[in-house]
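Below you'll find a set of structures to go through.
There are two complexes below, and they share chain A, which is joined by chain B in the first and by chain C in the second.
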Partner chain A sequence: MTVLFWILAVVAVVAGFAVFRLNSMAQVTFALLASFLAVAGLVMLLGLGYLGVVIVLMMVIEMVIMAVFMVMYMMNPAGLMPMAMYHNKSGSMAIAVGTFAVLAAGILLTDWPTRRGAPAPDQTFALGEALMGGQMLTMMTLGVTLFATIVGTVVLATARGRYDRFGDDLDRRRADDPAGGGPG
Partner chain B sequence: MTLQLFLLAAAGLFAIGLYGALSQQSIVMLMMGLELMLNGVILAAAALWFFLAPDGTDGPVLIVVVVTAMAIEMAAGFAVATAIYRARQVDMTDAAADLKG
Partner chain C sequence: MPEPMSAPAALPLWWVVVLPFLLVAVAAAVVAADASLTARARGARADVLLPVREAGRLLVGQRRRTVAADSVLWRAGGAVLPVAAVLAGVVLPLGLRPVADLSVGVVWFNAMEVLAWAAVWMVGWGPNSALGLVGGYRFVAQGLAYELPHMFAIITAALGAESLRPTDIVAAQRGLWFVVIMPVAFVVYLISATAMAFWGPFDAPVGRDVAGGAAAELSGVDRLVFAGGRRLLLVVAVALAVPLFLGGGAGPWLPAWLWVAVKTAVLLALVLLVRRRFPTIRADRFTEVAWIVLVPLTIVQALVVALLVLNRGGAG
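And now, the complex of A and B:
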């Protein structure tokens, strides 16, 4: 267990650091995936098997989709245009190290309370019961937020909708279509 | 395997993510930093649940919320990056500093 913890924790942190060290933004995506998978392993190690698997499935799919977008917006494609992808590197590093120092001090100096209670035998059941019972409001809020995200992202990502082409009252005879063509 | 070690690893992930979010030029790389910060939050939530209050379900529920937030953040971030790239061919943070005050 301890060995597994150390391996996973080191992989998580090193892969996380590689995200901002690798040159190819496609490789970066998979470094981030490695970090997520290591954290999913740690979550499983803590007895949350279901959530660990959920994280693995979600992050594998998310990072593969992300890789496509990374290629779309890639700086320095295939290493052909070497460039610095940073700004204010030293200031950022100082802030990050400072944040870590403060967090670490808090972690090591806090007098943590002793463990109270024991985990339920079936964590998946307990989580499902919580989400469908006491935490129902959380679940519903998440659902509505996800729906709002779907609508918002589609609105943001579409170049134009039918109302843009035919005017607000749909009274324009020909589509106001900058690119020409189309059914209008 | 103690709470402190788990939290230190989480703090490390959070700090690295913060460094990335602050230092990267590319908007999509900045989002990688945010995801890494949330990754640290997942680890911290799981560890705090396991070592302090394993009888409740607050930790797992918080992880569900954070995982959802990561998906939303990625989707919304790419939509915004696509919109601003389509409008102005901008995919760098320094070129989108209109609100800098």
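And now, the complex of A and C:
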């Protein structure tokens, strides 16, 4: 258990720092993913199976999408040339290392209270109840807000709207799409 | 019949070693069956030893190197595919018990499946080849269109059993298989499981029109690992449909493990058949189908199942 903790902890920190050392955007993305996966392992070590597995699920999806966007906005679209991050690298490294040092010092120097109470028998159930019981309204508002944001972003980003597809009076029978077919 | 709950929940530890070999054997059988069908369609003699021969040929073949390749991501991506498939396989009940009886089994399964996303993109990106990159992007771009219906289908089965543990889901189907009360989720699961393994009509990422796409620059052992991993992923993804929707090892006369094998074989045969019947679906067309048809259908399916669960007094 302790051995596993140290392996995961070292992997998390080293892979996180590799983000500043590697010179390829793609490798940086997956170094960050490796760091997140190690953190997910640490969360599972705490006995929080559901949270740990969900971190794996979400982070893999997120970082792959991130890779797409990073390559998309990169100056060198081929992307395989050495490609360091030039945007205030020293500043961001100082912030990252500083945050890590402050948090680590805080963890080590805090006088932690002894544990009272016991973990719930079914962590996943307890988590679900905490999120969807007392905080139901918060979570629902959050969900709808996020969804509205996504829809809004897509509407702003897309070049073609319904007037392009169905004509100025929206009276065209079949949508005029660059690639035909499909259900709508 | 012993109560499944009182039986030891997971298989003995040595199954950890057996599982990869078992999955590889099933994947090899799938390749052999597929190749035999192709041979018969051409009027040639069926060759059941083809996977062994092909694996041997690839093992001694030379590995291709390309100019300015990102070999770290390239090789890592290829290796992730089979590893993720086997890791997903640990929660499959092989009979009554899985290798690891995780309380969040189906979420674990899904998390391992999406690693394929990263893997295919890395394999496409690595060799510094335009066609490979096109293949990798094809898969990633389809990711959410595959993953959302997939997730809803899995969650519907978990909802029906009120548990994320595959053995609990099997136990909840003792009266009635879930395929009866959630047929839409079952069909969508099979479609999206095939798609997650970029198999059948969803093989655009490794399509012939881009000279093999993500796999375009793979040769020798790299191709073996990638192609084998893809088939392992297909086998594992399809096999989970048995505990989720077809009652796991439930069935008369035969022992549980044999029923699991029979049901898995039938589903795999169905998947192979579909691949031979349908041409590759154009990516943008399927995205539209997934978002406009499959996602709403699975949400309605989940709602119906939720009402059924509430009606029988569940979710207390």
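Criterion: the second predicted complex is superposed on the first by the 124 of 184 C-alpha atoms of A that agree within 3 Å, B and C clash if a C-alpha of one lies under 4 Å from a C-alpha of the other, contacts with A are read in each partner's own complex, and residues count from 1 in each chain.
FYI, a residue touches a chain if its C-beta (ideal position, glycine included) is under 8 Å from a C-beta of that chain, and two chains touch if they have at least 3 such contacts.
Keep in mind that this is a model prediction, so the values were computed, not measured.
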Which of the two partners, first being chain B and second being chain C, lies in contact with A:Phe20: first, second, both, or neither?
first
Using the touch definition from the top, say if A:Met140 reaches chain B (first), chain C (second), both or neither.
neither
Greater chain A contact set [chain C / chain B]:
B
Looking at the overlay, what does A:Met132 touch: chain B (first), chain C (second), both, or neither?
neither
Quick check on the superposed pair: does A:Val56 touch chain B, chain C, both, or neither? Answer first, second, both or neither.
second
Partner chain in contact with A:Trp112 - chain B first, chain C second, else both or neither
first
Quick one: classify A:Ile7 as touching chain B (first), chain C (second), both or neither.
neither
Which partner chains sit in contact with A:Ala104 here, chain B, chain C, both or neither? Use first/second/both/neither.
first
Both partners, chain B and chain C, contact chain A at residues 54, 65
In their complex, what parts of chain B are in touch with chain A?
1, 3-9, 11-20, 22-29, 32-33, 35-36, 39, 42-43, 46-47, 49-57, 59-61, 63-65, 67-68, 70-72, 74-76, 78-83, 85-86, 91, 93-94
Any idea which chain A residues touch chain C in the complex?
24, 26-27, 30, 33, 49-50, 53-54, 56-57, 60-61, 63-65, 67-68, 78-81, 122, 124, 179, 181-184
Could you please specify the touching residues of chain C with respect to chain A in the complex?
68-70, 72-73, 76, 102-104, 107-108, 110-111, 114-115, 117-118, 121-122, 125, 128, 137, 140-141, 143-144, 147, 164, 282, 284-285, 288-289, 292-293
Quick one: which bits of chain A touch chain B in the complex? Just the residue numbers, please.
1-2, 5, 9, 12-13, 16-17, 19-20, 25, 28-29, 32, 35-36, 39, 42-43, 45-48, 51, 54-55, 58, 62, 65-66, 69-70, 73, 75, 84-89, 91-93, 95-97, 99-100, 103-104, 107-108, 112-113, 115-120, 123, 126-127, 129-131, 134-135, 138, 142, 145-146, 149-150, 152-154, 156-157, 159
